[in-house]
């Protein structure tokens, strides 16, 4: 075993303190984007530096870490980030959602419902939900400060006008605690209801954009919509080819070059869990929640 | 709507200078509901600056602007918080820019442009928003079928009419217009002026219209204010000032109009 | 004041700044009154300021000295010192003016030009339009022209549109500047008959008529403007 060349979880203690202050502020103002002094990390922007910094700041030696990327524990990024924390923090890692105390994720929320002692850390590319319609940062800050969110509905209106329905399928904007409009990161809109009234703490880190935001446990999170075009939790109406689930979010996998394809659970751990022994099936996502 | 006899908008001793350039020198007037006032002058007269002062886009160096809110209370606009001012700008006021691209969101459809203010004040029913947008497009003589087109493929005249629809959808009481017909073809201008005349009368709008074109002033306004180098040279009933000008500068302006 | 309209020592001059500040004194010491049911015709040669008097009563020209008193309901308003709002209110409900020339607004059909004064007093659009059509009929404007903007009409047709517009709201004071100048005999007779009927109904009228037939059929009195003294 090497002599430790890094501080625990890579970041120095002062940096962690700074990030924790930002996190506290974010938790105190649910959905509000808190600027923070994002550090140079040993991976480039666009590879999860925001999420990594948040995880590094909340991780303790007794934590159990799970890292997923598009729902899978075994993709390159998930593996790299897990190894990064194994090396710099020496924490135990797992693929079992229920076992983990800190889960860092890129673009998905696990199917297994989370519990009060868990923290979910999201990797966020563009934190500002209004950015595409209003490129000026000065203007979007004002809009958030004054709760002027008409423009958000303009985007949804445009979708319906051009596509007959709200065409946004991921990064679907939500209103947190009745006040701030937030981008939930590019998770599929299927996952939006999981954020509402969730027992776990949800933290969002954007490294390149230098923003942290948060949803405290049991906070109201509502997806924006119109009265006559209500939010729909879209899911392909199919079963997982591996475990037979009819409730989980499915990935499409191309099997050959003649159009063959199959659909499997995006959440690999969930899928394995259903296929393994006689474990009772996890409750369907969304069950018991609004 | 009962006619409140108190003025809707009061400008008091407004002054604005940019370095040594004095754009507005002690401008005062009041505007009542249903009144249209034209501010005419040549380039550099300070008329556009005056409009910006009235809408609080620029802060005056001295003087104040007071406005009677919908609840009947007349307030000094400088005392309003930013949120209140922005809310007023979206609901009670309209501002028609000379260049419609400045007053529109070119990247979203015409319907969204008209519907934005409604969504900003809490409308959440897509069908109703779309219906209101359709009604307004028809009122400004834009084919309803073009509701989903973006204004970047509209002609200049259409864009200007769309800008007007966007401003009027929340039934503002005061509309400020900066050279609304400049740069448009004559026939397009005529159509737009006709539309403005009808809408102002139908909605009992108060308006301040900045223009260098005396014919526009005569057509649209009840009162006129002639400005030169930041000062008000002459003011009064439009037809009176244009038919019986007293000040030398006013006489010069009136005499300069080309007769077709 | 029992008169509907009274001028007291009214004076006006024009200062032409573009011509070196030349001052033309046009009117001086003009006084007369008009009661309901009277038609005062302004007499005198061309250039004495007859049109100017009418325009001053209407508020189109400013009054330099004297008073122009108008009875409005229970109160008296002095046009010479009235605010723009007050003058607009007078034009809306009290004074109508048939100008010598019709200033045509582009694109507005004749029927709407005529209906407009009624719309300004709050009459419902349907009612206003029906009355406008009735007036146009009385003034012999063919129905085919009703939906067309008057800019392309003949001089006589334009004048009749002007008259229709001034008569439709039935204001207590009516000012007429050569209302029959461009009309043929038949139409002139119609118009004069209409005016006479109005006068009988109680309208107070001040008019400029150059032809004697017109004068004799509507005038109750002639007020001759004095010859002008040379400018100071």
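List of remarks:
The chains carry the letters A, B and C, assigned in the order they are written, with residues numbered from 1 in each.
Here is the rule we go by: a residue touches a chain if its C-beta (ideal position, glycine included) is under 8 Å from a C-beta of that chain, and two chains touch if they have at least 3 such contacts.
What you are looking at is a predicted structure, and each value in this text was computed from that prediction instead of being measured.
Each step here moves to a touching chain, and the least such steps from subunit A to subunit B number 1. Among the chains, the centre nearest to the mean of all shown protein C-alpha atoms is found for B. Put simply, the chain farthest from subunit B by mean CA position is A.
In whole angstrom, the spacing between the mean C-alpha positions of subunit A and subunit B is 47. Chain centres here are Cα averages; for subunit A and subunit C they lie 77 Å apart.
With centres set at the average Cα position, the gap from subunit B to subunit C is 32 Å. Interface residues of subunit B, counted against subunit A in their complex, comprise 82-83, 86, 90, 105, 107-109, 111-112, 115-117, 119-121, 124-127, 129-130, 147-148.
Residues of subunit C touching subunit B in their complex: 14-18, 55, 59-62, 84-85, 87-88, 105-108, 119-120.
Taken together, the subunit A residues at the contact with subunit B in this complex read 133, 142, 146, 148-151, 153-154, 157-158, 160-162, 226-229. The part of subunit B that touches subunit C in the complex is made up of residues 32, 35, 190-191, 193-194, 197, 201, 219, 222-223, 236-237, 239-240, 243-244, 246-248, 251-252, 255.
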